[in-house]
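These notes are about the structure you will find just below.
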Amino acid sequence: MRAIQLSAFDLDHLQRVDLPAPRPGPSEVLVRMEAASLNFRDYMLVSGQLYRGVQLPIVPVSDGAGTVVEVGEAVTRFKPGDRVTTFYKSRWIAGAMRPEWEGAEIGAPHPGVMRELASFDQYSLARAPGHLTSLQAATLPIAALTAWQALELAHVTTGQTVLLLGTGGVSLFALQFAKLRGARAIVLSSSDDKLERAKALGADIGINYARHPQWGALVREASGGIGVDAVVETVGAATLAQSLEAVRMHGFVGVLGWLGGMEATLPLASVVLKRVRVEGISVAPLEEHERMVAAIEATGLKPVIDHVYGFAQLREAFEHLAAGRHFGKLAIDFSL
Amino acid sequence: MRAIQLSAFDLDHLQRVDLPAPRPGPSEVLVRMEAASLNFRDYMLVSGQLYRGVQLPIVPVSDGAGTVVEVGEAVTRFKPGDRVTTFYKSRWIAGAMRPEWEGAEIGAPHPGVMRELASFDQYSLARAPGHLTSLQAATLPIAALTAWQALELAHVTTGQTVLLLGTGGVSLFALQFAKLRGARAIVLSSSDDKLERAKALGADIGINYARHPQWGALVREASGGIGVDAVVETVGAATLAQSLEAVRMHGFVGVLGWLGGMEATLPLASVVLKRVRVEGISVAPLEEHERMVAAIEATGLKPVIDHVYGFAQLREAFEHLAAGRHFGKLAIDFSL
Amino acid sequence: MRAIQLSAFDLDHLQRVDLPAPRPGPSEVLVRMEAASLNFRDYMLVSGQLYRGVQLPIVPVSDGAGTVVEVGEAVTRFKPGDRVTTFYKSRWIAGAMRPEWEGAEIGAPHPGVMRELASFDQYSLARAPGHLTSLQAATLPIAALTAWQALELAHVTTGQTVLLLGTGGVSLFALQFAKLRGARAIVLSSSDDKLERAKALGADIGINYARHPQWGALVREASGGIGVDAVVETVGAATLAQSLEAVRMHGFVGVLGWLGGMEATLPLASVVLKRVRVEGISVAPLEEHERMVAAIEATGLKPVIDHVYGFAQLREAFEHLAAGRHFGKLAIDFSL
Amino acid sequence: MRAIQLSAFDLDHLQRVDLPAPRPGPSEVLVRMEAASLNFRDYMLVSGQLYRGVQLPIVPVSDGAGTVVEVGEAVTRFKPGDRVTTFYKSRWIAGAMRPEWEGAEIGAPHPGVMRELASFDQYSLARAPGHLTSLQAATLPIAALTAWQALELAHVTTGQTVLLLGTGGVSLFALQFAKLRGARAIVLSSSDDKLERAKALGADIGINYARHPQWGALVREASGGIGVDAVVETVGAATLAQSLEAVRMHGFVGVLGWLGGMEATLPLASVVLKRVRVEGISVAPLEEHERMVAAIEATGLKPVIDHVYGFAQLREAFEHLAAGRHFGKLAIDFSL
């Protein structure tokens, strides 16, 4: 079967190969993969910025979707014909992540989704929302779940205000989920065009941070002088101080990444006197993923896909991702 | 000034009187009352079913809205011209209700809103949503807050399913709030006509309980065989067993009243094995009321008013309430 | 190997048999069983009051402890020589119980612990506290975990007051856990002797409910007139109304069983006006079990064992349990 | 009456003065002050490091205790003879702190406790634990409440492990509260002598951070290789990175101050991948204070007082505090 492998840490070493078709073990599910989507984690893998200890060659990319072909004898969760997505943090079903479950992530160290057939443990898969194509469903696992978890941990409810930094996949899912809860959303971007597109998706206020580098006070003013209830902090080093300026007393700052560098400066007096909760978020357990799928189905949410690439265009897709100019998700259609 | 007083426990003893205009104390706010709405509690007072120890005569009715006329020197929360509603559980600002705060409820034992001018402590009032008339705002204090609190305590989120018993004021507010959160709503009624009206408000499923007295199993089936996430239990004695049948494992049953009698039968094995949370709810603190007002403003929610009566028609309004056939709230317009 | 089987629903049909020794599957752990303890669930099984659909003959009894003999190739949680207890609700690792995990309970429908060797999935076992003998550890799985979960769900903290109904296994574990949290404990019993023994274990107040059938008001008086923060409701039908009398506003009533009948009367006005939380509890996920084991180890807690029986005395042990006069747990030592 | 006033920002300008005795307003309580205790906030005030906008002269010091002499007509919470402490964050009764309640703090901008008689709003006072002297009770308001709140927000339960930085007032209260919950405590200090004294108070492990500047890994090792459940972060800038190293996955870091500078470096990947919650804490509402008093009474906790000064020795007490070598609280006995 057709697959793409990374043989060395560099975009130049993504190679199309032919691999033997896998067979499902007793608790496993064999899936015909139909689509994938990219996350920054995938780029860090292929460009050698993380996971350097991983065994090469490896099939890359964590998030994908497809249709169940065959199930092992102990499988209770799926049957042939079911449409599924991967579930990135395999084994993390609920509660706290356990050290014994580390190291089973799809797309490194376990093989990723860039192959026609793949066998997964039945708890490494989740049902795809019924109204979405596989291409759409493939965008969910990491980005949508991270956004969902941020709003859940922040207890965002109707009438609250959420601040979103940028218009990447996580931020736009957070925007859509916030609006579905009846919350207000403020979006930052350096592009007026993207701010307009965010408003078309429901954003109440757009702020161009390039024109307003001290946007913290501006956001606070735009939220009744009190500050926003929650910040979905997808950037980190360059933005955390302004995010703390923007958030209200007892507010929430969900830290989801470190796009802007590994270390941020934390203004202590602001954290203490405003009693802010700064919480690290890295996906969520299957239990939350399933609640998110129910939410997506009940509301008919459709993911925002910036561009669709074919199976053979993985490298171009990564270059697009690295450029950082996308609005929503970059997806890969295996039929193209 | 014009007022209505209850001189003995009976609808026949609601009398129109002329009272001296009050003056605000240092922490008080003088309000020109413009509208009121009825809750079952008001009917229990005037019909002598509760609060018999209250000092008569008393100005009845707990919920009202109006405009601030004058404020005492220590008042920081309001200024003349502000539009306000009463806040029923005066003094309960946040956290747990404290025994020392009991006994200050507007509409018994403290005087109610059926008067042209009324002086209230500044923490017995809340800002009215900006887009609502006083008539609309007057429907909020007890009914909307109780519904809001039920959904908050149940942590209802997008994609979950909520069961509502009937189409009274609390149930319809809960329906509207549930839809604003992106939740699904199942509504019970004995009237197909009311079920149609509930669907027009957003209800996903309507069940006629008169035709389906064993509706618990039906509701469970209608929620994917799993059961609903939360029940807003406005009835009690006649319905609790079916509500426990309808709710999912780890689900929530918010008990808000005892319309159907003082005692319910609790099926213990069902509570234990399904790990259900049954929680009593009686309004909520001011902190929740203010979050609810923010939610109403952010979403533009409009209360459902079944019928509007004039100031002099209080008795007719009570008779309508007692008949139990209303769809939403019964309101009183002081200008009529 | 030696085992005991139930061949028909009756204490008379507990038979000593010789079974072939099991072998562990890839994810399984082979355990040499050294002790067991009884729960009321076991008695309901053998006396045919529940689980009548279970396939007979069956090895009975859910809770046991022993030493790991051998592990399957995929086992990561245990190694030979580890001392373990069973974990009753096999597969429930964290979060909400899932329907797909039902039906794997040890001691019906899955085989129980009354056998010299038993193979369990690695997530059906938990590490035994290091300072406890297997006999002591065998008392933990159902009773201690249920008590632990009740205090966790109630958020019992230092300085609060907990009410315990009786002196069975669950109640005494709840007493010990409450004292370890710095809480006060009020214990009810019909025996002054047992009340004295409860006080020796740390109970602050003992009340003889036989002499004070209206103990609700007495308990409230004994807790500063405010009521207790939490009730561990192990009885149900006969006691719930008094428990609701005894609990404070916003208090917690954890319903753990239905010893006194399947239906209780719920006084609705009390639930609503006191805003009480009544929550069903049936053991807890592995995550909580492991937190409990850490707590038992950190504090050196020793379970209270009323009487120890030999492997061949299972019937006598059940008769003791059925008589309901034990103080703490009834345990079975496989070496006797 | 005798009082001490700060006439300019400097320890040299603490002056003993004679002020007219206050009279209680309708909602106020007149208290004969008998003792005080110092917090770092007091030192920041008198040394001019904070609150420079405050109106001088001012009676300094936030925390005190005494006996009620007289109450205003609207006072319901106290009566003459009651023993009370101040409650620093006047008006914050429960829930979230509200901007409208800012600016009423005792000891700046409102007058502090260094005077023989003081009038306070009834919600600016709390009942003193019955078994404590006024000297002991005076140590509670800020330091004990902050420590209590940290453990409550962290949900510290029996068997968990808490890390305490240093042996100041907040750290030692946190140590005592942690032990009362049945938790384990690891204490850091640069003095072996203080570590011994901490162990005498119940600390399980002491680590000399002067000898082990990379103590994060050491703490993690000392907590089973997993990391501590909660860190009470009283230092900040110099320690936060090590605290994040020491804490477990999903752990809690309560940030209580900024003794070591206004800005800390936050290692983002660690926060995200360990899903750590970093939360600012600045005292707590009255509701928590009252729960803490109940806990102190139920357990007989006695505060650790390093040194007692007389009323006229306030300057010496401040110099002691500034030197930072105390073990527990510095208290002032008004009878000396």
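In order of appearance the chains are A, B, C and D, and numbering begins at 1 in each one.
The rule we apply is simple: a contact is a pair of C-beta atoms (placed from the backbone, for glycine too) under 8 Å apart; a residue touches a chain by one contact, two chains touch by 3 or more.
Just so we're clear, the structure is a prediction, and the values are computed from it rather than from any experiment.
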{"item": "Touching both chain A and chain B (chains)", "value": "C, D"}
{"item": "Centroid spacing, where centroids are CA-atom means, of chain B and chain C in whole angstrom", "value": "41"}
{"item": "Contacts with 2+ other chains: residues of chain A", "value": "96"}
{"item": "Chain contact topology (line, ring, star, complete or other)", "value": "complete"}
{"item": "Contacting residues of chain A [partner chain D, same complex]", "value": "96-97, 99, 226, 236-237, 240, 249-250, 255-258, 261-282"}
{"item": "Residue ranges of chain D touching chain B (in the complex, touch as defined)", "value": "76-77, 93-96, 100, 285, 287"}
{"item": "Residue ranges of chain A touching chain B (in the complex, touch as defined)", "value": "152, 155, 157-160, 177, 180-184, 291-299"}
